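For clarity, chains are labelled A, B, C and D in written order, and residue numbers in each chain start from 1.
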Amino acid sequence: MKLFEYEAKNILTKYKIPTPNGGLATNLNQTRELTTKLKPPLAIKAQVLVAGRGKAGGILFANSTAEAEKAAEKLLKTQIKGIAVKSVWIEEKIQIKKELYFGITTDRFNQSYIVIASTVGGMEIEEIASKTPEKIIRFLINPHSGFHSFHARQIARKMGYAGNQLSELERIFEGLYRAGMDYDAELIEMNPLVETTDGKFVAADARIIVDDNALFRHQEYKNRLLEGESELTPQEAEAMKNDLAYVKLDGNIGVIGNGAGLVMATLDTIQYYGGKPANFLDIGGGAPAEKIATALKIVLSDPKVKALFVNILGGITRCDEVARGILEAKAKVGTTKPMVIRLVGTNEEEGKRILTEAHIHVLESMEEAAQRVVEISKYGGK
Amino acid sequence: MVVIIDEKTRAIVQGITGAQGSFHTKLMLEYGTKIVAGVTPGKGGTKIYDLPVYDTVEEAQEKHSANASIIFVPAPFAADAALEALENGIKTIVIITEHIPIKDAVNVMAHAKKVGATIIGPNTPGIITPEKSKLGIMPAHIFKFGSIGIVSRSGTLTYEIAASLTRKNLGQSTCLGLGGDPITGLNFIDTLKMFEKDTQTKAVVLIGEIGGNLEELAAEYIMREKYPKPVIAFIAGRSAPPGKRMGHAGAIIMGKAGTAESKIEKFQSAGVKVAEKPGDVAELLAKLAI
Amino acid sequence: MKLFEYEAKNILTKYKIPTPNGGLATNLNQTRELTTKLKPPLAIKAQVLVAGRGKAGGILFANSTAEAEKAAEKLLKTQIKGIAVKSVWIEEKIQIKKELYFGITTDRFNQSYIVIASTVGGMEIEEIASKTPEKIIRFLINPHSGFHSFHARQIARKMGYAGNQLSELERIFEGLYRAGMDYDAELIEMNPLVETTDGKFVAADARIIVDDNALFRHQEYKNRLLEGESELTPQEAEAMKNDLAYVKLDGNIGVIGNGAGLVMATLDTIQYYGGKPANFLDIGGGAPAEKIATALKIVLSDPKVKALFVNILGGITRCDEVARGILEAKAKVGTTKPMVIRLVGTNEEEGKRILTEAHIHVLESMEEAAQRVVEISKYGGK
Amino acid sequence: MVVIIDEKTRAIVQGITGAQGSFHTKLMLEYGTKIVAGVTPGKGGTKIYDLPVYDTVEEAQEKHSANASIIFVPAPFAADAALEALENGIKTIVIITEHIPIKDAVNVMAHAKKVGATIIGPNTPGIITPEKSKLGIMPAHIFKFGSIGIVSRSGTLTYEIAASLTRKNLGQSTCLGLGGDPITGLNFIDTLKMFEKDTQTKAVVLIGEIGGNLEELAAEYIMREKYPKPVIAFIAGRSAPPGKRMGHAGAIIMGKAGTAESKIEKFQSAGVKVAEKPGDVAELLAKLAI
């Protein structure tokens, strides 16, 4: 779960990591109240989770309070990459001497957390890594001993800092580690971490992605997520509520399957045959009929969907349950959109019988079914 | 020889009284797996399928000295269950549970490393040595004993490919799911090493997906070590857009390593044939004429 | 630092460990407010830190609200072992089926924390250990892996519990461990942890001793300690403020020395020669003259002190500083109490010179000095 | 041979620029100890007594490869400093700092055990091999080289006894303070083992105090192992009332083990002579005629 910039900065502040003076505003009154407390020049930043917010016009600058109010007003009426701006973060611009990068994420191969730091910051870390690989410092955190102040000092030294600056970075790095651990962050980064013209350090932007699987330990964010404050499509919100893994894509073939790998391979196969998937939807393992019906309803509620592909390889999931779910959904939604069903595995015969009796044709080969649905999406159903 | 588990494996089931745990215990018993006891805190003293249930692994071990455990415990408590198994001397642990927090998984793996234990999963269908033993939740009837080793990051996709192999009479030595999470016990390289040593295995099918760089590292390993057995790869997620998580906690593209292109390219330059569709794997294997 | 029962119980509650319904009262109004909310029979417990509070009359019981108010009123006017009762904790009596013990403390030899549990509780753990050693369960906590839920279950099982009771104890034990770690407890115990007649568990009494050296991480208690809310004598409070290790004893010979071991040995030697030390005071290492002067003032302010023994073996501590401190204190306090000074080590000559010029005699042997001060304490000075 | 440190010991000083650190570095250098560098975060690049000061132990080690460290860092940061030394390969660490929280000390000791390092302290005067090397803060002039090993839980009391030995011409092989805290690196048994192996040491003086059961365990060890060298003990705190902490965090009587009587009794039944006053130690040693 991606946190908003203001949420991330509030967390950093809690861990005594300096951030620019600033605050959140959702309307004009709040904007006015805020700007009187802040010293221009100011930055006004749309609180949206889309990548490339800056380039998409989501960050404005103002040299006066009046200008800042105008900028905030403008942003609060705008959409950034299709997402309505509900709040803006207004903060004092800082005097940049140098932009650094410091982040902590997971290292799959080493089964641990890893610090990535660089004396080049302000762009995506992947970009830094490809442009100036020699400036990337990687520090693997030993899960037994954790990340200590002295590790922070070692990194600060490798970044070329000494004296008070080294001690200041020590506190910031160590604080970020604790914040990351306490909030179950799968990614926590300061980018840029700015060295100011007077030699201080300020986290000018911060990003935190909380491990979805750990949200049970962070009820405040779980609630925020469920309240729909984040930027989910209606389908995504409905899927989340029903514990279905759904991702909206650009095409017109609705896809439902069991197991993330199988669904991904289904999308790939559709694409291989020239079709365009409208979504990813994994019903997970052992889904009962009602859950499958919900999945169908979600996918069919997307107006872009022209045809539906249900691809089930029954292991824990029972084909008869899937068949019943399909009929249930059909009855409730009353859809006339064409469906291609591929159903093999546990209780396959019973599933096929149920569907065949309802005049729904069932295929056995994934490839064949994919070809069929692509055809339909292009030229219409039979 | 086969990999990790065989007929002699004596396993306990942690979370045996839950819906998933009891259901799959039954299937595993039917398949011939030697399940010796179950553990569910608070249910000690009861029985299920004639197996004794204990409150603690400690007690189960005192009485049964198992050497493997399969864990069905719900996510918030699964790491504790794994640590319990580790501390009580169990060296092979299959964690079926999905949605375990990363921080918990990191902790479990660190302890496993310290004591030299093998963790399969979390979020894995488990491991099966067809017709001999299974510690997992895979539908057993689609597998057949033979000489192909399968290692995968995904469940049903493995079944899809294994079933198509079985249909073409290409039996399997061992099929193992690493697990779909970002932090898993085994990685592709660990498993390639096991398959290398296993005389039963003549070729390896490696089923990867987008996210992370474990496939890239495996490709580099195959190239660097001149891996002696043929490897066929399939990568799911060619059509996935970056930044979107595709179901598995691991399946998200962040950065270049992680894309299907990156993985496919690396495998190809390591001399590994990459199937374009799941169905193509069996055909590529058939061409090897092993 | 010992916490009051109410502080300990509030911490337990924070970690979801059941304690009897209750609350704190410092006056009659609060007592009335409390008792209306609680269901008699009630226990009224003086909030003092002295050991053996129960036997000393610090715990009363009441079968009605009226009785409870009377009991609280009475306790709030009482002194327990010389300590005025400033507040009482009033709580509902629980139906006891069995009293258990569960505590976590440090294990010096194994350099770790250790759980001590027993199915016999309600008395001092040392007493349990000597009366029913076979009922003591010791569980060493591996500092690398910590104390997990499964450890708690293992202990609960060894205590003979199963089913829901095992799961309930798991939560309580694990919670107590986290509380102990989070609060830097050198001892945290529930004694008794009561199994109620309906099979639930309640921490009927709780004791927490916070590691003094970790108080910098627990400012709330540090402040409470300094505010003198705890039961310090004026000398102890003054010593604490000045970072001097002072312990009041029963005799009449004031003792000041540098180094805890040396001061203890000084007390022992005084006792060996038939004298009675009035206090333990360690000025620590490298104390400057002012600190030594403060130490003298503290000891001399105790009216029971008849004679003073200053025993300094200068290592880091400089004898000339000690000499100057003695003169400073003498001048300010204007004492006429006899002093025996033993002064050897770093800058010994200069120290002796300073004191000799002020007509204070200095001895070299600790034994000789001890004999001399005992004599004076018994028969008066020269 | 002498115990733990000798002329070849190459030490760094952590917290070298502080008042205590710099003062004692000077004294150690004067005594002949090979101090090769200092570490104070934020002071890197400066010099003190011609010694280079670094921000991190890592850098100091890159340039000097020390094998010991003495730590004067303030209590809230001392555990971090010790872990830093451990992680950078230093196997002998003297922690002078007092008032380190127990939880931090437990953590440091666990890591030291894992890497096989020796920790002396915390809250110790350190260790001295008279006339050869000292890593500590003890006044050196009261010591004299010889054949008595001294191990103690207390600082000035050690000086008191060492000085009285020196006055009677009973020189010392090595004098070592375990530290006055509840959790320390070495205990009496560890040190007795070292003195047993050390051919220079002919007899051992063991200076204990109330609190804990390390003295009792040492007495049991001496009896059980029939410790081959004579041991003389002194226990401070005979007159201490229970429940009151006597200065040292360790010196508090809780329970029966922990009282002076318990310790004295155990030593006597192990055949260890116990001095009644500090001054008696030298006399008891003299009677041994070693």
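The rule we apply is simple: a residue touches a chain if its C-beta (ideal position, glycine included) is under 8 Å from a C-beta of that chain, and two chains touch if they have at least 3 such contacts.
Keep in mind the model is a prediction, meaning the values are calculated, not measured.
*Asks:* Averaging each chain's C-alpha atoms to get its centre, pick out the one most distant from chain D.
*Replies:* Between chain D and every other chain, the largest centroid distance is to A.
*Asks:* Centre to centre, by mean C-alpha position, how many angstrom separate chain B and chain D?
*Replies:* The answer is 52 Å.
*Asks:* Give, as an integer number of Å, the spacing between the C-alpha centres of chain D and chain C.
*Replies:* Between these chains, centre-to-centre, one finds 27 Å.
*Asks:* Quick one: which residues in chain B touch 2 or more of the other chains?
*Replies:* If we look for residues of chain B contacting two or more partner chains, we find 114.
*Asks:* Would you please write down the residue numbers of chain C that are in contact with two or more other chains?
*Replies:* 144
*Asks:* Which word fits how the chains touch one another: line, ring, star, complete or other?
*Replies:* Its topology is that of a ring.
*Asks:* Output every touching chain pair, sorted by label.
*Replies:* Touch list across chains, by label: A-B, A-D, B-C, C-D.
*Asks:* For the complex, which residues does chain B have touching chain A?
*Replies:* 20, 75-76, 99-107, 109-110, 113-114, 125, 137-139, 142, 152-160, 163, 180, 182-185, 187, 207, 209-210, 212-214, 217, 234, 236-241, 243-251, 254-256, 260, 276-279
*Asks:* For the complex, give me every residue of chain D touching chain A.
*Replies:* Contacts found on chain D: 41-45, 55-59, 77, 80-81, 83-84, 87, 111, 114.
*Asks:* Where on chain C is chain B touching in the complex?
*Replies:* Those in contact with chain B are residues 144-145, 148-150, 153-154, 156-157, 162-164, 166-167, 170.
*Asks:* Considering the complex alone, what residue numbers of chain A touch chain B?
*Replies:* Touching chain B from chain A are residues 51, 106, 108-109, 111-113, 125-126, 129-130, 142-144, 181, 184, 186, 211-214, 216-217, 245, 247, 249-250, 257-265, 267-272, 277, 280, 282, 285-286, 313-316, 344-346, 365-367.
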